[in-house]
Amino acid sequence: MYTQFGAVLVFIALGTAFVFGSLLIGYFVRLSRHHERKLTVYECGEPTIGSAWIRYNSRFYNVALVYLLFDVEVVLLIPAALVFRQTAAEGPAVQALLVLLLFLALLALGLAYEWFYGNLDWIKKEKATD
Amino acid sequence: MEQSAKGPTTPQQMLREAIADPQDLRRYLHYLATIRAEGLSTSVIIAPLEAAINWARASSIWPLTFGLACCAIEMMATGADKFDLDRFGAGAFRPTPRQADLMLVAGTVTYKMAPRLKRLYDQMPEPKFVMAMGACTIGGGPYCKHGYHVVKGIDLLIPVDIYVPGCPPRPEALLDALLRLQDKISKNQPFAERFNKDTKNQKKPL
Amino acid sequence: MNSTLEQPESLRTEELLVNMGPQHPSTHGVLRLLIQTDGELVRQAWPHIGFLHRCFEKIAESVTYRQVVPYTDRLDYLASMNNALAYCLAVEKLAGFEVPERASYLRIIAAELNRIASHLVFFGCYGLDMGAFTPFLYGFRERELILSILEKLSGGRLLYHYPRIGGVARDIDPQIAAEIQNFIKEMRRVWPEYNRLLSENAIFIKRTANVGVITKEAAVAYGLTGPCLRGSGVAYDLRRAHPYSLYERFDFEIPIGQGLKGTLGDCWDRYWVRLLEMLESLKIIEQALAGLPEGQITAKVPPVIKLPEGEVYVGCENPRGELGFYIISDGKPQALRIKVRAPSFSNLSITNAIVRDVLVADVVAIIGSIDIVLGEIDR
Amino acid sequence: MTPAEIHSRLKEKFPSAVGEWQEPKAGDPCILLEPQELHEVCLFLKSEPGLEFDYLKLITGVDRGDKLSSVYHLYSYKHQHALVLRADVERAEPKLPSVADIWPAADWLERECFDMLGIVYQGHPDLRRILLPLDWEGYPLRKDYKQPQSYHGIKNE
């Protein structure tokens, strides 16, 4: 039983070796010439105007939250599919399908809520604000 | 070893001379000493590595979209499907200088554009190359005599690697220039540059 | 429709000055657009031009009339046949040269081919602006056919120096004529493909319909011409209103915007007018090729051209609008003053008016639909 | 209407402002105007029912030795007729009333004339250089303009 953990260890070791190995090669190969003109902010060739540390419009946070939410939903779809395959193989397939559809319906409910309250587009529609 | 009058000959002497920082020098001398102790000449290990690095850099040049005038349309035609730039690995036009290797200056550079050109060149990461495409970038082109607002050639601003004559140069000329640039890249020595501290090809800032 | 309602002072957010600077993928060259944005909405936009000011008018005063023709090619480098045609017509009108019919026909064939090539570049780049890469490749595939024709005709791919004062440089031969016929057939077969690719694309329609609407009055007030004006419904085309160089012999319609996909005068209409214009140009080329008269290809022109004292203005229908040359001469071999009426210069001057309260992504759509070329804006 | 008829209508409306009619030897005719009454004449040309010049094609600055002239090309979509106006100002102090409030197209055209020839348009909303960099000295299209030796350290041999 313990040998399975061996495979996991090799997997982790290989991963870290690959990452830090390429960084090390990079350190030896790449040129590093830092001078202040290179570190200036890139603004389409122009010197920057004013500072970027300003109070952003609150809609940005809104859009970021909505994106985060749906991103997590997409990530959850993969285990849902695996669970569906496993349950469909063992038990009655129709019941497994219903469970998956229920799960998807719950996700769609979140989407509908956001859509109705106008959080998806930038300019909040007047009708949606209660 | 006495220093020969005509300057460094073997790569090692050049490196020793180029390295100013003593700490780096000691580390590199120790590295050379171990290599020589095993009887292998340094080029056996470094040369293939350098060749591999050069090959990697040469065959994936990402040009910066810097289309100014008529040459930009010929550059786009070269990037399109008949004269495909992608065959040489140079088709990925990057809008930001941070991800670009090659600054392909295509079009007339005017005095109003010159500081911007210099700033963009400075913002590009280090193994960078410049290709002056078209007669205007080489020496002012048709606007040289009476053009009061045209810079007479961009080598007044930034060091140029490859000049592509023509007004506008044909796409075949641009592809040929790209191949010459790839030959040029495959000849330089990345390790020598790596340990060379002073910025040798920096023009004085504007 | 202001997204941030009148919030109390503590919650008020500041505007950010964003640079769509000279080096930007979607500004079609070196236009710098300084945008004042409140979040994603644009409050103000100040176009900064002049990064490609190549002193054309100063050069035009220092070289003889014949030597100016190559410089006119470099004004609107996407349609250099039309520029040189407009300049040559202006000089011929003031000097009184009589251009043989065959030369006028050849000029029209070359100008209309160049118009299609310019609209194909617009089609490709507008697809790129909207994020679709394939229209760029489709558009440039047909454009290469045109370029090979024009290369056989005049020797150059992009800048031709083909129309000369008094006529044209070379004559057409049956092989070029056959290649033009083949191109017309090919273009008619491929044109519906463009529609399926971009015009009927749902994302494209959502990005361009009802965006950047220019009313008829605003278009006339800001001096817009060409597809930008016709997109707003004004049926004014110089080839029909004031025919020059035998355009009155050909029958072709003037496509104007009808607001098919949204309100009249939005980005989609301007795009659709240009696509229809390609078909009209094909008709003109077909009729010109069929009725090509025999005869000389250039008039008797003295070696040193001295225009009589006086001034003349001739405007021609460039793919971007009315490109006109205003020549003032005082009898010397060089002109006293040559002024270019650049269509993109006036077309661009409307951006600040129509970019108010628009999303930043739509600014790219609007600038793309106006189809500017920096060579003629900065001259 | 031909330019001659338009000139006669203008002459009776603004006798002092409009110059005499000269039939040109070659090229297009042009109507000479007093610089100070330029604004009223343009307003009249735009709003008069029979004329309605709603499209300002072009404003050109010309350096004619002792005088700087500003030439206006107008066109009317309704009546399909065109007109050329010219206003001459002294080279010493080139001042002209701006027509940017009548035709918005004039905004950029006048800025370009100012940039190239130094003709000042009074009443213009934002008169600064449009093509050349803002710190450029001299007006390039004047006949006595000498090319600068260098700009910001870039030689101009």
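To keep things simple, chains are lettered A, B, C and D as they appear, and every chain counts its residues starting from 1.
The criterion applied here is as follows: contacts are C-beta pairs under 8 Å (C-beta built on N, C-alpha and C of every residue); 3 or more make two chains touch, one makes a residue touch a chain.
As the structure is a computational prediction, the values presented were derived from the model and not from experiment.
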Result of counting contacting C-beta pairs for A-C and C-D, higher pair: C-D
Taking each chain's C-alpha mean as its centre, the one farthest from chain C: A
Inter-chain centre distance, chain C versus chain D - centres from mean C-alpha coordinates, in Å: 25
For chain A paired with chain C, centre-to-centre distance based on mean C-alpha positions, whole Å: 44
Intercentroid distance (Cα basis), chain B paired with chain A, Å: 37
Chain B and chain D: spacing of chain centres that average the CA atoms, whole Å: 49
Multi-chain contact sites of chain D, meaning residues that touch two or more partners: 132-133, 140, 145
Multi-partner residues of chain B (at least 2 other chains): 112, 116, 120, 148-149
Chain C: positions in contact with at least two other chains: 21-24, 50, 53, 55, 58
Category of the chain touch graph - line, ring, star, complete, other: other
Pairs of chains satisfying the touch condition: A-B, A-C, B-C, B-D, C-D
For the chain D and chain B complex, residues of the former touching the latter: 132-133, 140, 145, 147-148, 151-157
Parts of chain B lying in touch with chain A, wherever the complex brings them together: 53, 96-98, 116-117, 119-120, 122-127, 190, 193-194, 199, 202, 205
Partner chain B, residues of chain A touching it in the complex: 28-33, 35, 37-38, 40, 42, 45-47
Contacting residues of chain B [partner chain C, same complex]: 64-70, 72-74, 76-77, 80-82, 95, 107-108, 110, 112-113, 116, 120, 142-143, 145-150, 167-168, 170
Interfacial residue positions of chain A with respect to chain C in the complex: 43-46, 48-50, 52, 54-60, 122-124
